[in-house]
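Think of it as A, B, C, D, E and F in the order they're written, each chain with its own count starting at 1.
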Amino acid sequence: MSTLHIFSKPLNYYCANQLENLILSDDNVLLVGDACFAKKQFRQFADTLLILEQDAQIRAIKLTDNDKAISYEDFVALTLSTNQSITW
Amino acid sequence: MSTLHIFSKPLNYYCANQLENLILSDDNVLLVGDACFAKKQFRQFADTLLILEQDAQIRAIKLTDNDKAISYEDFVALTLSTNQSITW
Amino acid sequence: MINVLVMSQCSPFDDLNIRDALDMTLIFAAVDQNVSWLFSGPAVLALKKHQLPNNIGLKDFFKNIKTLEIYDVENIYVCEKSLLDYGLNKHDLLIEAKALNFSQQQTLIKAQQHVVNL
Amino acid sequence: MINVLVMSQCSPFDDLNIRDALDMTLIFAAVDQNVSWLFSGPAVLALKKHQLPNNIGLKDFFKNIKTLEIYDVENIYVCEKSLLDYGLNKHDLLIEAKALNFSQQQTLIKAQQHVVNL
Amino acid sequence: MSRFVLSLHTPPSDHDTTQRIVKFAHACLAQGHTIDAIFLYQQGIYHASTHFDLSSDELQISALWQQLADQKLNLMLCVTAAEKRGLDIKNTGVFAVAGLAEFAMLASDADKWVQFK
Amino acid sequence: MSRFVLSLHTPPSDHDTTQRIVKFAHACLAQGHTIDAIFLYQQGIYHASTHFDLSSDELQISALWQQLADQKLNLMLCVTAAEKRGLDIKNTGVFAVAGLAEFAMLASDADKWVQFK
């Protein structure tokens, strides 16, 4: 029963106090677009962050051991392997 | 040398940590639109908040002693009596 | 019949977001799905009584929110913490809405097939 | 000649905000005003080196940001605290920009005739 | 008496900001000030569309701009912003298509520039 | 194989979100899934304009949608959202004007609804 949480902007774009209360430890957190710049801010929500590889690459963002690079094929598969997605 | 700071949304719409550092005690803080709902959040920036009266009225917001009701005529005058305005 | 959750987090007059969410909620009810609408953050203010947008030329969409009951949309939820943040209690609200704590909101989300954030 | 300050607070690919701010800055320089551009919050990332938006079909506006120097726009400022927040230092930036603390930003604002937030 | 320029950055679906800039403009004029331009920029350019279809209980966007145009106000829109956003720049109603430079010159001469968003 | 609906909520000036939904759609099709609709809602409706004028180094909005239309994808836009926002609903290019109910029925039958914004 895992939810896919999709973010496309840095954390200050969102109502932060509610997010930490709505994302569970076995949920998936996917950063796309400008959210990739803010890995450090999103780390509180998940041990491993999923990062859309192309979006991170063009922004010159280096992935570390705690990041999992996601292709568009993986992105599609993720929406199918999770129960529901929320684009915040 | 006073600045007019104009807000139209509740505080969570803005990069909060920087605002408190950029608004000075003799600046004017004007709440219009949905910012009127969030008087309590903006109180930290000014002892007296200026509130666009019509916008507060239609939202059923009661003004208190620390609020100053502003008409559109006052709004125009405010932009002239301050050195510069910032619409956040 | 599937479960669809509409989430609102924008303030009442922020663009047409609340009205877009209202339309979405009504239409899923119209096509016989089990739709829920959750208000959190400044969106809870869209349920505040006695607002009169007509007076400045804006559409009174609060009237339309009241029609949710007529159209049998019963799953209206508000974030308990957000009500508190904006100094609202249940008597200040236009329509009956169930206040949910965060754990109840998690349960609500997990029960959905589709979640849409408007 | 008047002092005009363009403020950017949006992330680099959030709509066209950074590019709109760039156009505004260049045009005020072109009409011979004393224009300044202040980056704060996630907008500081618009000055980060080595980005390649071309690779996914997006315009490389970083090239255009570099032309600020050619057009003699010299008053480029970044919020010191925001650089820190995003783990950037001056060597990571595309162009030379003066890092300002909050008190220096206040002084900059107070010196303006017009301030525009894009 | 002072000289103003106003700029609008939000789309026409933001009815609340729209009523506010219009009322501010009328208040300016009523006090004898001059408005050298109202300038549509960013998402604001969509206000110059001629295809609104709004029911009678909605804010009547086009009528509000027409009233300001009737007072000989200079209503302008940024052509670059419009072209990128798909506005038909051949049909912009009461708004005149203008370059950013035109606005920048008016803003430089104005006492006050007030942004609405 | 699964059935998707995708919805787009940001305006065409948000090039980054635009390239993302288009790439996601192509990846869906490449894996043999079905996309029952891409639906333009809120500011997304402006993607159906036929008046873009973008220089060659910009994301070519109209060409991207044309490529998806060539693959027989059902591209829809919400008529109510469009009328309120001033889109010319008589000229919507590769997008079909539709009611919210049509989309809601497709979404109800789909396995997955992914929002892009």
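The criterion applied here is as follows: a contact is a pair of C-beta atoms (placed from the backbone, for glycine too) under 8 Å apart; a residue touches a chain by one contact, two chains touch by 3 or more.
Computed from a prediction, not measured in an experiment: that's the story for all the values here.
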What chains touch chain A and also chain B?
-> C, D
Most widely separated chain from chain A, with each centre as the mean of CA atoms | E
Return the distance between the CA-based centres of chain A and chain F, expressed in whole Å.
-> 23
Dist(centroid_CA(chain C), centroid_CA(chain E)) in Å evaluates to 32
Cα centroid separation between chain B and chain C, in whole Å?
-> 27
Two or more partner chains touched - positions in chain E | 11, 13, 16, 23, 42-43, 58, 84, 112-113, 115, 117
Per-residue multi-chain contacts in chain A, two or more chains = 12, 15, 33-34, 54-55, 85, 87
Junction residues of chain D - those touching two or more other chains | 13-16, 41, 54, 56, 58, 114, 117
Residue ranges of chain E touching chain D (in the complex, touch as defined) = 7, 9, 41-43, 80-81, 84, 100-101, 104-105, 107-108, 112-113, 115, 117
Provide the residue numbers of chain C that touch chain E in the complex, in ascending order.
-> 13-16, 54, 56-60
If you look only at chain F, which of its residues touch chain A in the complex?
-> 2, 4, 16-17, 20, 23-24, 26-28, 30-31, 33, 111-117
Touching residues on chain B, where the partner in the complex is chain E = 6, 8, 32-34, 52, 54-55, 71-73, 75-77, 79-80, 85, 87
Report the residues of chain A in contact with chain C in the complex, numbered from low to high.
-> 1, 3, 15, 17-18, 21-22, 24, 83-88
